[in-house]
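The following pair of complexes shares a single chain, chain A, combined with chain B in the former and chain C in the latter.
On to the complex of A and B.
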C-alpha cells in the first residue's frame, strides 16, 4: 500500500511521540552527568561545568564524589541504596530468567493442547486462563503474602519467582497457542501416520519448529517479571536479594538523595532495559505483527 | 483438530495450578479475612461479620479514595486507548527513522514502575522540575506550578505518568490488529473512500473494534488497580488527593497491619472491577469472546 504523506507533518508527529515516550529517559541521562548544584540552580547553564561521571564511579566503586568530601557537605544526600543498583539488576535478571524458563516449561504443553486438540473442559479452562489476569493484583497481595509466609518463602527469591511465573502464565499460554495454531496441520498428520505419540509430536515437531516464537514468548514473561513491582516489594528480603524495582522505589522515596545520584541509578537500571527493548522488538513484536494475530 | 476423550490433566495442570493458586485461593482467602479481625499482633482471629467493611466504608478516606480511583480510571483508560490507536496508526507509515521510533515507543513498557515514577517526579518537580523550567523559560507562567503538591493537580500528574507507562502495550496490540486486516479490504477502501477520516471510521475501525474493547477493559482494570506510581510519586498525598482505593489496600495491610480491613478494601475493589468489566463490555457490544475462543 503506497500513500503519500506530508513529510513535515510526519516528522512533527514523530517528534512528538519521541518527546513523550523518550523524553523523560533523556532527562535522566542529562541529570546523571550534571552535578546537583547546576541542576538545582536555575541561573546556571546546564553544561557550565561540563559533564562528569563521579556519581557513576560512586555507584560502582564506592568512591565518594568530590563535592561531598568538602567541609560541611550534606552526607545524607549520598544514599547506600544507589550502591545496591548493580546488584539488584543482577537479582532481577536471575528472578526474571527463572520465571521465564518456568513459564515455558509449564505453559508450552498446555498451549500445544489448546491449539491442536479438542477435549472436554477445554472451553472452561481456557476462559479461566483468559479471565484470571483480570483479577486486580492488589487484591491478591495480602493472601499470597500470608500463604507464602506460612511456608517460609517470604524474603526469598524463590517466592518472587513462583508468583511472577504464575502471573505471566496466562499470557504465555495465550500467545504460544496462537503460534502453535499457525503451524501447518499436515506436519502433525504426517507425525500421526508415523505413529508418533502426542508427546513426541510435541517435543519432536512442535517445539523445534516454533523455537523462535517460543523465545519471543519467553521474552514477554521475562519482561513482565523484570518490571513487576508490587510482589517484588512485598516479598523481597534484605538488600542482597532485592530486585531492581524495589531498590529504585526506595531510592525515589528518599527525598534527601542527590538528584544526580538518583538519575545515575535510573540510568544504570535503564541500560539493560534498552537492550531488552531492542531484543523484544526484534524478536517478539515483529514476529507477532508478521503473523495474522487476531483478537 | 483431534479430540481427546478425557480432560488431559498431565498437560494442563502444570499451567492451571499456579494460576489457580494466585487467583481462586487468594480471592477465597480475602473473603475469609475480610470477615474476621486479623491483625499481626493478635493471635486470635475472631469472626466479626461485616464490621471490617463497615469500618472501611465509613472511614474518612473511603469516599475520597473511591472518587479518586473512578476519576483516575475514567481519564486514564480512554486516554491510553485513544493515544495508543493514534500512535499505532501513525507507525504504519514508513519513513526515515520509523524503525527507531517503533523501538523507542516500547521503552516505557520495560521500565519498572518505580523507575517510571522517578522519571516523572523529575519532570513534575515543583521547584526544579523540567516542565516548570520549560514553561518559565517560555514565559507562559510567572511562577512554578506545584504539580505534585497541589491537591488539584497531583492526581492529573499521576495520570499522565500512568498513561505513559501503559501506552506501549496498547500500541503493540493495536498494531497487531491493524496488521491482520486483509489488505484487499484496505485497497478497496482506498478506491471507494477519499476521506481518511471516513476510511478509518467505516473500514479500519470495525476491524480493530474487538481489540479496542479488550484494551479498554484491560486499561480500566490496570488503572483502577494501579498502585505503584502513586506510592512512588506522591505517597497518596497531598492529604488524600491521590489516595486510590488500591493504594489503600496496601496501606491498611502493610502499613497498619490491619489485614482484615485491607482485605475488605481488596474485596470492594474486586467487586467494583467486576462491575467495570461488565459495564464496559455491555456498553461497547462486540463479538469479543467468540473471537478469543477462535484464537
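On to the complex of A and C.
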C-alpha cells in the first residue's frame, strides 16, 4: 500500500524553505521603505510613520533624506557608495549578460561534442573540466590577476566577463551535455541521412530541442556572474566598471551605514535577477517538465 | 531503385564480431526481409548498408557502385527508424521536407514533393501538426513519408512496426506491401517478427549469430528449412522438436540419434490407440477461435508438444489423447541441427 503523505508536513517544509528564500527579500523591501529611526527603535511600531521612498530618491538623484538634513544628524551614515548602485547595476547586467552569452556560445557546442562524439582526449578533458571548479577561488586570484594584467585587462569589464565566463563554463558544459546525451541517437542518425553535417545537426536539431535547458543554463551562468564577488572586486577599477556585488560590499562594510539605505541597495540589486527569473524560469521549467524531447 | 551487394562483409564492435564474413546480393525492386532473434546482427547489417556504421571488412555496392567510404546521406538510401526519429520541433511537412531543404531544393518543389508523398500515405490533413500531436500509427506514416520524399534508390526499414499495437501493425504491414508495389523500389526490411517476414518478403534472409542461416522465398524456408534453427524460427505456433534416441531399426542398422520436427498442424489427434500412436495428457488448452492449441505432455518428452486442432470435439485440460506423429509430415534434424533426409 502506498503511504499517504501528510499535507501539513509538506506545507510546513515548503513554508520553511519560503521563509529562508523569500524572507530576506521581504525584510529588505520593508527595511528600505521604513526610516532608520523606526528601524533602530525597538519601541516604535514598524509602520508608525508610514512608508517613504526617500532612500530610493537618494540612490537615484542624490537628494538626501529629510531626516539627515536636520542638525546633529550623522551625515556620514549616508554612504556615497549607495550613489553607485544604479551604475553598478548596469555594469553587472552588462557583465553577467555577456558572460551568459559567451557561456552558451562556447559551452553548448562543447557540451554537444562531449555528449555525442568520441574524440581523442575526451575523457581526460571532461574530467579536467569537471574538476576545475574544485580549485578554491582564492588560490586563483593572484595568477589570474597577473595574467590579465599582462594583457592589460585589469580594471576593464572585458576582464571580468572573461573570468566569469570561465568560472561558469564547467557547469554549462556539464548540465547541457546531460541534456544532449538524453536525446535519442536515432534523431541524429536521421539528420545525418538527411544531409546534415555535425554542425547542422547541432544548430538545427539539438539546439531547438534543448532550448529550455539552454535557457535555464544561461540563467544559471547569469546569476553566477551577477553574484560573484571575489574577482569582481579584484579586477574592477573605478566606479565606471564596478559591478553591484562590489558596491554592495562597500555599503555593508560601513559599520555606521544607514540601514534603510543599505536595504534599498539590496532590494534594487535583486530586481534584475528577479526579472530574468520571471522571464526565463517559467518557460524553462514548464518545458522541462513537459518533456519536449519526447518524440 | 538499385541493387545492393555485400561481399564478405564483417563488422566487429571491439572484440565482438557481430557480422561474420557475409555475402549477399539483393536484386533491384526486391523486398528483402532480414529476420532473426535479437542480437543476430540484422539491425547492424542494415546500419552498415545505410552508412550509420562502418564495415570492418568487405565491400558494399549499391547500384553497382562501391559505397564503403560514401557518407550515409549520399548513398541514395532512406531509412525508417524503429522509434520513427521524427524531429519533435518541426511540423509533419517540415519533417518530410527536411532532407530536400538541406540540399537546397527550392521551396515550391519541396512543397510539391511533400504533398505528393502525403497523398500516397493519406497524411494531407496532418501536415501542419507537430509529431507529439500524432498517434503512433500516424507517426509511423510520417516517418515513411519522410523516406518517400527523398525518392531513394533503396528503402531501409528498421523494425518499423514494433512500437505499434497488433491491429495497427497488421494494417501497416499491408500498407508497406502496397507501397512496395506502387513505388517499385528496392526495400530492405528488418524485423524479429516472423509473421512480418513471411507476409512481406519476396525473399527472407534468416540471420543467426552474425551469419546467414538460410535465404529464399518465405514458403521455401517454411517448407524446406535448412536446419533446426530455421525450422524453429519460422512458423507460428512454433515447430515441435521431439528427441529420438539412437535405436536399431527393423533391419538392425543403428541410426544416429536425431530430432523429429513436427509443426503443430502436422500432428494428428486420434480417436483411440492405433499402431504408431502416442498417448499424452493435455496440460493447457488455448482457444484461438478458428483453431485450438493443445499443449500435450508426452511420456519421455521434456517439452510440451503443441498440437493445432481444427476439429469440433472439445478437449479439456487434464484429458488424455492419442497423437499420431508421422515422420513423413515432419523434418529430421541431426544433433548438430543440420537437416537429415527422411
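Worth pointing out:
Here is the rule we use: the second predicted complex is superposed on the first by the 261 of 295 C-alpha atoms of A that agree within 3 Å, B and C clash if a C-alpha of one lies under 4 Å from a C-alpha of the other, contacts with A are read in each partner's own complex, and residues count from 1 in each chain.
In the analysis below, a contact is a pair of C-beta atoms (placed from the backbone, for glycine too) under 8 Å apart; a residue touches a chain by one contact, two chains touch by 3 or more.
None of the values given here were measured: they were computed from a predicted structure.
In the superposition on chain A, A:29 makes contact with neither chain B nor chain C. Once chain A of one complex is fitted onto chain A of the other, the partner contacts of A:263 are limited to chain B, with no touch recorded for chain C. When the shared chain is aligned, no partner comes close enough to touch A:101: not chain B, not chain C. Judged by the touch definition given at the top, the superposed model places A:135 against chain B, while chain C stays out of reach.
For chain A, the partner with contacts to more residues, out of chain B and chain C, is B.
Residue overlap on chain A between the chain B contacts of one complex and the chain C contacts of the other covers 192, 292-295. Residues 1-8, 11-12, 14-16, 18-23, 25-27, 29-30, 33, 87, 90, 93, 95, 97-98, 101-123, 127-128, 130, 133, 136, 164, 167-168, 172, 175-177, 179-180, 183, 186-187, 190, 210-211, 214, 217-218, 221, 224-225, 227-228, 231-232, 235, 246, 249-250, 253-254, 259, 262-263, 266-267, 269-270, 273, 277, 288, 291-295 of chain B touch chain A in their complex. Looking at the complex, you find that chain C touches chain A at residues 50-52, 72-73, 77-79, 81-89, 98-99, 102-103, 131-132, 139, 146, 150.
Per the touch definition, chain A reaches chain C in the complex via residues 184, 186-187, 189-196, 200, 205, 208-209, 292-295.
The touching residues of chain A, counted against chain B in their complex, run 1, 3, 5, 7, 10-11, 13-14, 17-18, 20-25, 27-28, 31, 39-40, 42, 105-107, 109-113, 116-121, 123, 125-126, 128-130, 132, 134-147, 162-163, 165-167, 169-170, 173-174, 177-178, 181, 192, 223, 226-230, 234, 244-246, 248-249, 251-253, 259, 262-263, 266, 269-270, 273-274, 276-278, 280-281, 285, 288-290, 292-295.
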